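One chain, subunit A, links the two complexes that follow: it is found with subunit B in the first and with subunit C in the second.
Then we have the complex of A and B:
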């Protein structure tokens, strides 16, 4: 899961972590997963999600892998971000979750 | 090949003739296989082709349907989906076998999910799997099914159905399937003839090229002899002429041959059903299903959103009575986050009014929105799945409460009359005991509960007969209760649109029938010929 480039990025840029609770009705389902991955792909940083603070971590740029997480409503979604635009990426991810992916 | 006649169950009336389009999963797998590099290239091309087809399709739909396709495109565009398939191909597997195995594993993961919502997404993965397989096999793909085809397969998904333009005269012939499936309902609403339960299709390899579908009799003839085809075309011409004559009478009030006035109302599932319809074709709306507001990924609708939709429907009706049914979730209509998952027998479980009373916070919101909309027309509210009077009494008390609260807050509102749907035999037998403002007979559920034959099980479709004397007796008993109590009785199930039953229904004393818009002309013509 960790390719060489990602490791280099992680060495250069400290990992940022944060978490948010999924408030939208059916959790991280099809539409939110698409939104999340589209948003993540807009950043060069490596972005990962998990249901627990210690992982296992999932590539937030892969809709297939994000859907495999099957995160239900009320779950706490943890983010781990590393890269030059990591701070902006993390803020964007958290805003999406807090906003219920626009489907309040 | 000589002609083949197959008999199944009629699911949507009408006659059609057209070239056969076989759905992908009924197509044999690929004959020619290449080396791993060629197989990988074939798989890559099929995946990209499938994504391109979806991108084309997405331009023709909107809303919920577009979101589903967007999701499928995102999944197809993700290398993680095909990772396992490419590994298998590199190890010598054929592209189609590898893809099928990889997707089946993914689908199994979804089917094992705890949440109903994620389980339901398995259908999307099946769609994706089959679309790519169709590309690999060089078969007719879903997007290429033209609207004048006879679509054949084991079963057909709603999304596949919706991707076809049925105004061009096509039809559906299924080996399995059920007359009560959602696709059958859609087919009846769109006027596409449909036959289900044909059983195993009796050919190997090359499918037939032409089919005649008789959605009235429930038969399909493949590769007809010229004489068979000629006779069928005669019948189609006669049916078309009858339809044109019926259409001419569509705007007139419905009168039986002996001069009895019958009110013909509309069943609608969403306000879009009313677009481009002239309100003059009907005497009002007999059933607005509100499930559409609650379906999909948007979550439960707010009060304002509901109010806006109800108001649009009342505005369209321009003073004609409109009966809106409160949420009828459960049974075969699960709603994520609301209905109970994994009930052993959902048709006998927490559905309809039972669910609404169990989730008062959701029900109260709907009642508030209905009270606010009631000032914009003649609104009546109907409760589904009522079995005992106390359910109606509790709903009446909640409606009183919401009405009083709105009025106290100075918000414009009116209290609509509350009636019951009669679909549980207990309610039909004891109809007189309910203080209902009206009765509306839901013949689909009344039939399945009376005959103990589920609507969605093809094997007992013969028993699921709304014309059975037991069902008609319960209808007559409800009509009699309405007469004694001086309240209106209508019938809003599929039986109302089945013109073979019109005489029998009118003989029970019914004077109000509610059908989908496509059936209005046909029903009025049948009423004109009825003497009951």
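Then we have the complex of A and C:
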């Protein structure tokens, strides 16, 4: 972000959003949920997921909440990210989904 | 069992059945990885179904981390024996071991996931207990 320093000074970060289709056969079941949560925890940004662009949003760093989303294969997973490392976080989350959580 | 990242909260699995305890530990290892100190114990001293305080103490020692240890238990005796084991720990360790009110298998996986992200003991316990929330 070109105004990242200004944002940091104001302690606010614009929300970044993106979405990806779940390609792995079982969707967001237990193991992918764990991987998604672990990946999210590696960033300081607030990271949320949803099955629709307008939510409801779920904290991607909570393994229990992520599993409760029960997103099936073919579902579109929306991400909403805000924080100093938001762009890197979003890229990592999208890569994880595109990669089928390593089990495609 | 050695811990690769001793800063992460350790996880101890206590079941009446050693097969359940070992199986739950297998699930943690496969789903969460090796970043979390982990130990399991199950069965009474004669090898039957049950739990024993000595076995639980040994498991706590194996999974020990400066960040503390979260214990996942199945039924009645597993909980009371775990609480007894905690009381027998040296005083400086006692406050850093918590028994979670969570299902043993799911709780272990969730607690380990939380721990692998570097969360403190209270957050690990809270996350495991979300299953009953």
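The criterion applied here is as follows: the second predicted complex is superposed on the first by the 93 of 104 C-alpha atoms of A that agree within 3 Å, B and C clash if a C-alpha of one lies under 4 Å from a C-alpha of the other, contacts with A are read in each partner's own complex, and residues count from 1 in each chain.
By definition in this document, a residue touches a chain if its C-beta (ideal position, glycine included) is under 8 Å from a C-beta of that chain, and two chains touch if they have at least 3 such contacts.
This one's a predicted model, so the numbers in the text were calculated from it and none came from an experiment.
Enquirer: Based on the superposition on subunit A, does the combination of subunit B and subunit C result in a clash or a fit?
Expert: They clash.
Enquirer: Identify the partner contact of A:65: answer first if only subunit B is touched, second if only subunit C is, both if each is, neither if none is.
Expert: After superposition on chain A, A:65 lies in contact with both partners, subunit B and subunit C.
Enquirer: Which holds for A:41: it touches subunit B only (first), subunit C only (second), both, or neither?
Expert: Second partner only.
Enquirer: Once chain A of both complexes is superposed, is A:73 in touch with subunit B (first), subunit C (second), both, or neither?
Expert: first
Enquirer: Just to be sure I read the superposition right, which of the two partners does A:29 touch: subunit B = first, subunit C = second, or both, or neither?
Expert: It touches subunit B, and subunit C stays clear.
Enquirer: Which partner, subunit B or subunit C, touches the larger number of subunit A residues?
Expert: The partner making contact with more of subunit A's residues is B.
Enquirer: Touching A:17 in the superposition: subunit B (first), subunit C (second), both, neither?
Expert: Touch partners of A:17: none, neither subunit B nor subunit C.
Enquirer: Looking at subunit B, which part out of 5-13, 77-85 or 365-373 clashes with subunit C after superposition?
Expert: The segment of subunit B occupying space taken by subunit C is 77-85.
Enquirer: Determine where on subunit A the residues touched by subunit B overlap those touched by subunit C, and list them.
Expert: The answer is residues 30-31, 34, 37-38, 62-65 of subunit A.
Enquirer: What residues of subunit A sit close enough to touch subunit C in their complex?
Expert: 30-31, 34, 37-38, 41-42, 61-65
Enquirer: Write out the stretch or stretches of subunit B touching subunit A in their complex.
Expert: Touch list, subunit B to subunit A: 67-68, 70-71, 74-75, 77-81, 106, 109, 113-115, 117-118, 121, 124, 297-300, 336-337.
Enquirer: Which of the residues in subunit A end up touching subunit B in this complex?
Expert: Touch residues, subunit A against subunit B: 24-27, 29-31, 33-34, 37-38, 59, 62-65, 67-68, 70, 72-73, 103-104.
Enquirer: Which positions of subunit C touch subunit A when the two form their complex?
Expert: 31-32, 109-110, 113-114, 116-119, 127, 130-131, 133
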